[in-house]
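Residue numbering begins at 1 within each chain, and the chains themselves are lettered A, B, C and D in the order written.
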Amino acid sequence: MKKLNIGVVGYGFMGRTHSNAFLKVANFFDVSYQPVLKTICARNAERANAFAAKWGYESVETDWRKLVESPDIDLVDIASPNDTHAEIALAAAAAGKMVTCDKPLGRNPVEAEAMVTAVETSGVANTVWYNYRRFPAVVLAKQLIDEGRLGRVFHYRAKFLQDWTISPALPQGGESLWRLDVNVAGSGVSGDLLAHAIDTAMWLNGRINEVSAMTETFIKSRKHNLSGQVEPVSIDDACAFLARFDNGSLGTFEATRYARGHKALYTLEINGEHASIMWDLEDQHRLQYFDHRDEGRVRGWRSINVTDRDHPYMAHWWVPGLQIGFEHTFIHQLADFLVALGEGKSASPTFREALLTDDVTDAVLQSGANRSWVKVRPR
Amino acid sequence: MKKLNIGVVGYGFMGRTHSNAFLKVANFFDVSYQPVLKTICARNAERANAFAAKWGYESVETDWRKLVESPDIDLVDIASPNDTHAEIALAAAAAGKMVTCDKPLGRNPVEAEAMVTAVETSGVANTVWYNYRRFPAVVLAKQLIDEGRLGRVFHYRAKFLQDWTISPALPQGGESLWRLDVNVAGSGVSGDLLAHAIDTAMWLNGRINEVSAMTETFIKSRKHNLSGQVEPVSIDDACAFLARFDNGSLGTFEATRYARGHKALYTLEINGEHASIMWDLEDQHRLQYFDHRDEGRVRGWRSINVTDRDHPYMAHWWVPGLQIGFEHTFIHQLADFLVALGEGKSASPTFREALLTDDVTDAVLQSGANRSWVKVRPR
Amino acid sequence: MKKLNIGVVGYGFMGRTHSNAFLKVANFFDVSYQPVLKTICARNAERANAFAAKWGYESVETDWRKLVESPDIDLVDIASPNDTHAEIALAAAAAGKMVTCDKPLGRNPVEAEAMVTAVETSGVANTVWYNYRRFPAVVLAKQLIDEGRLGRVFHYRAKFLQDWTISPALPQGGESLWRLDVNVAGSGVSGDLLAHAIDTAMWLNGRINEVSAMTETFIKSRKHNLSGQVEPVSIDDACAFLARFDNGSLGTFEATRYARGHKALYTLEINGEHASIMWDLEDQHRLQYFDHRDEGRVRGWRSINVTDRDHPYMAHWWVPGLQIGFEHTFIHQLADFLVALGEGKSASPTFREALLTDDVTDAVLQSGANRSWVKVRPR
Amino acid sequence: MKKLNIGVVGYGFMGRTHSNAFLKVANFFDVSYQPVLKTICARNAERANAFAAKWGYESVETDWRKLVESPDIDLVDIASPNDTHAEIALAAAAAGKMVTCDKPLGRNPVEAEAMVTAVETSGVANTVWYNYRRFPAVVLAKQLIDEGRLGRVFHYRAKFLQDWTISPALPQGGESLWRLDVNVAGSGVSGDLLAHAIDTAMWLNGRINEVSAMTETFIKSRKHNLSGQVEPVSIDDACAFLARFDNGSLGTFEATRYARGHKALYTLEINGEHASIMWDLEDQHRLQYFDHRDEGRVRGWRSINVTDRDHPYMAHWWVPGLQIGFEHTFIHQLADFLVALGEGKSASPTFREALLTDDVTDAVLQSGANRSWVKVRPR
């Protein structure tokens, strides 16, 4: 088995999920590459060392430019805040490294386009961690749709509701709260939560052509952790939008961090002429499937416990009925990436595919600002 | 349409559900008899008059013997406490009246046998209000079982959980709390809640041959409303039993009034070789159905919203998706009774069928007392 | 108890729900008026006679003008298609009759305004049957909101999903399918399903100021039952809209008759700073309530079984844990109407209140047509 | 951090869950011992080598006696079939190794007693992998009970339903199906599924004093994988029992592998005077909690999403709202074991505690055989 030397930038939430994936993938999947946790890179040396000890990294680096240039590294994984994605990816691609990047690809389509160009110019394998697609139940949904079971599609709806920023006492910025700082994050719930919903939506239901959005910042200013001053909040705290898909179906999307009672309620539903599908992150192992072709008297939403061996990815885990967790989706994506790598390809979503999500997010933000329908940039 | 003059004994909870059924059945079902609320009978004249005014009874009677003998009455409905069932039914049958009786039939099989003999000797139409069978979803379950969809049955389980008697301050006896007085009720949860569960179980899954039970009275004494004294409590507060059905399947049953958090959680489940069914009173309009013959990848419990026009009784109500309530089950039973009457028959469960439930309840109480397996009396 | 002579126009679905309410209200509520089913009015004399027999109407009328003018009638109930509402209401009000009207009030705000003027000019009691507000769980939601438990409100979302018009073979128009004929109905899901959602939303969360909508007619032409010809379909088959409430909260609304698998999935949710509430027509007896002030470790969505005696309306029905059905909401509204009548008032929503819903629906349709945000007409 | 050299016996389902736990525990928990996957031991050398490669074991051994005696090994983990537990544990304890053993401890109390004696005589740290206790929601239940929130307990009920042995074509015995071979497994669902339910029940609700059980073998003979012959099946395919706990509460338990539609439906519920708790393996991250002391009008079952940082174990994983899987329970138990080890103790359940579960299982099997109430052996 070939070794694949990994350099990870960032030791936050995503640094942990990525590290776990690199470490475990070969225990559960038959892959021809064995990832090796070579180097963790982060500005804070003390914390980086502690992280390295916890996860078994061989070395620590505090300057990502050195990591990118190191001949010891085969793959650069970007798990750092959004404002670092483009710069690191461009350098890594230029250095001929494979690049795996957390989502969203860039803070905006301009950054994202440059990143696509970079990896395509240098021809390096690449993928973006839109991990929510990799829940077995969501992949099963994709299979059922691809098999044509739904017929003509009428509706797609998704929402992603959280409640962790309701307190006005919560500050913004800094290591743990950069998601509230527009300069670092690029946007609020649009690039964070809606990006997942949009990525999955287009994967399942095709291109979105145009959107009409409503955005809101409920709490207008918060103390900034870096300046120590109360500063304006410029991210979107909440965003809802109407969409028209290329296949003629109607979409409704909503995300917020002000939905009291919901920690991470990501739901999606698609209604077709013959069948409908629903999924809910809080019941991640189930797929709800309704098939109108079932005999009328016993027709009903089927609650499919997606843990059987013939369900996506599940033959690699335990026994039917037993569940896997959130972090497994990263392992799935990595397994797919490594399989694709063996075939000289990149795993979906590639940078190019992820750019399309940035395009939609961008149109959504524009629409929210100018209160009109906005067409998504054609590619 | 022929008039059917009704005399109801009892104005309590069941007096109301029965009155409502007699009053409404012809608005929703095509029946050849029009029930007329002729006489309400109860010992307390003042309350009986108020009840008559509320429901439109033409007259009031305080002595059930007069009601039974009245030439104005075609059908005597027994909605009074359990200790009155046998005496009234015997007199009514002797007077040639049809008899509809609330459940359980008697306080014990001796009373129940006498009641069966009485109605069969005089040849009068009769039925027992085991209304829980008449939920559309439960009738659908019966249809699916009768169609042989389950194959060999392995398991049946039912429970009926309530929590209304937990407080030691609750008294026993008298008009509103006779269910706690063993002399009036005959037994506690066995004759009250388990009787429903047993009736449905035998209807769906056939005869129960033997049982092993555990009964308990958690609160040993309570003030009695009639004597004003603290008196021993002799009913079973809770009862669970194991059962063997004649078809080889295993049964588990439980009822209690001490399950904090449950007002009326009556659930039933049957597991067959090919298919399984679950139902729950708190989701009364849904039937959960699992069919192993469904294609593996999309196999799951189907949540059937039993409100379509091809579902039992539902064509008589509103439009698909809209629900009916608890009291509708009495209307369904009455509609079935009136249809059967037109054909010169009695509607199930007849007194004879309901006697079998008393037999099982009796075996359960015996088993609880002597801590051994007890065979149900053969009939 | 004073008699209240009722004349009902229309014997369809709503004719039945209204008749049932008039007939039953006094059995369950202490009202000072006893409704009497005096006259049913409909163009088809044969069917009207059959309906009268089923429900016990004393007489039949085929010309609503005669009904309206009849000295025997105290209250004219409009249960006929939308295109008849205004004309009948104006005549009834002019004749000094009380008027109860099914929803939506008019096909458009012009009709609705005239109706408001008519009943206010003549000073007759009036109400519009927005019955979905009268589910006990929805009224409980209203109480909790009015008690200030939610704090600042951030979000309101509602959807009403059905699937009964997916087949292109379904015709439009005529007695049973007038809801698909824009001339009769005025609009499609907007005036039918969204009207309920909007009425409840404004009742719970206050005025809606502006909207951005997307409407679609999926099936462009259908055979018309009256002409026998294939004709264009001009109703909205589906409609989704974004809204801004006067209190600063964001709203999302959606309705469709093309959501395969859903018969009548009407859901609503409101998220406040301190607490959130969800309700779902398919679990009509439950209210989901989340209160962030609960102790953290045991905080969770509470599934309130709204069947206790201290829950709205429930003391009038059975015992805790036992459910009521769809039609009970009409009885509740009628009970409220009769109580208000005794106090010389009209029950909410009055014609004037219901006009506001027509205003929002109108803004939604405009917005869908011109693809822009539209302000709701100020009143 | 001290190294802890692990020798695992068995590479089946449990060999994988244990290996995963040893490998990952230090990534997520602060432990003072770092487990090292030293040796995997199994009879089939080829498969053992493949397993070692997959999981990174340093060496392979085909004779467990050599493993036990090896000075390289600090801890012997028994993940092999039940008939090997006692022999290996006795030898390991005699060799002074720590012993972690999969459940049930022995095939019967005689074996289990010997194992207890062995580890206590040699004074080695020990624990039994009753992992289902380690779901965060179950630990939260334990905390709430220990805090006295329930008051007097009336009821405990648990069931564990599977459906994987319904086909008569399924053989018994051999590497993958030893659970159907009574000589290897010791019993059927009693020692397999009920053991989990009993362990948790006694942990939460105290000692079980006596039981009345019903057992059944639905399919009387199956081909044996080792002999190639059709042989009698001697395990219990299904088992239900009534129980009386030492605290006066009533218990009902059921397990089966013939409940069509359920892969692993393990549910538990406890009803107390003031509060009740429910948990369900298929919703493993939720705890249902009902507290009667909540304000009446908004009282309801709380669905607690047990993923917050103040919930058991969850601060070690991701962020609130995101779930963990089945295998994490083994990591939790190992973390507890390693913490206890640092304090010179064993983690619960120790061999001595697990013996009590074998006692109950034994009483259950006796009761099933002799159809009478059986007292659990006093200890």
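The rule we apply is simple: contacts are C-beta pairs under 8 Å (C-beta built on N, C-alpha and C of every residue); 3 or more make two chains touch, one makes a residue touch a chain.
The structure displayed is predicted, hence computed values, not measured ones.
A.B. asks: I want to compare two interfaces, A-D and A-B. Which one has more contacting C-beta pairs?
C.D. replies: Counting C-beta pairs in contact for A-D and A-B gives the edge to A-D.
A.B. asks: Using only Cα atoms to place each chain's centre, name the chain farthest from subunit B.
C.D. replies: A
A.B. asks: Counting a repeat as over half of the contact pairs in common, which of A-D, A-C or B-D repeats B-C?
C.D. replies: A-D
A.B. asks: Go ahead and note the Å separation of the Cα centroids belonging to subunit B and subunit D.
C.D. replies: For subunit B versus subunit D, the centre distance works out to 42 Å.
A.B. asks: With centres defined as the mean C-alpha position, give me the subunit A-subunit B separation in Å.
C.D. replies: 55
A.B. asks: How far is the middle of subunit A from the middle of subunit D, if each middle is the mean of its Cα atoms, in Å?
C.D. replies: From the centre of subunit A to the centre of subunit D is 36 Å.
A.B. asks: Please set out, as single numbers or ranges, the residues of subunit A touching at least two other chains.
C.D. replies: Where subunit A meets two or more other chains at a single residue, that happens at 262, 301, 305, 308.
A.B. asks: Please categorise the chain-chain contact pattern as a line, ring, star, complete graph or other.
C.D. replies: Shape = complete; every chain linked to every other.
A.B. asks: In their complex, what parts of subunit A are in touch with subunit D?
C.D. replies: Residues 13, 16-17, 19-20, 23-24, 26-27, 54-56, 162, 164, 262-265, 281-284, 305, 307-308, 317-328.
A.B. asks: Where on subunit A does subunit C make contact in their complex?
C.D. replies: Touching subunit C: residues 154-155, 157, 159, 161, 163, 166, 212-214, 216, 218, 238, 240-242, 244, 250, 252, 254, 256, 258-262, 271-276, 290, 292, 301, 371-373 of subunit A.
A.B. asks: Quick one: which bits of subunit B touch subunit A in the complex? Just the residue numbers, please.
C.D. replies: 140, 143-144, 286-287, 289, 291, 294, 296-305, 308, 310-311
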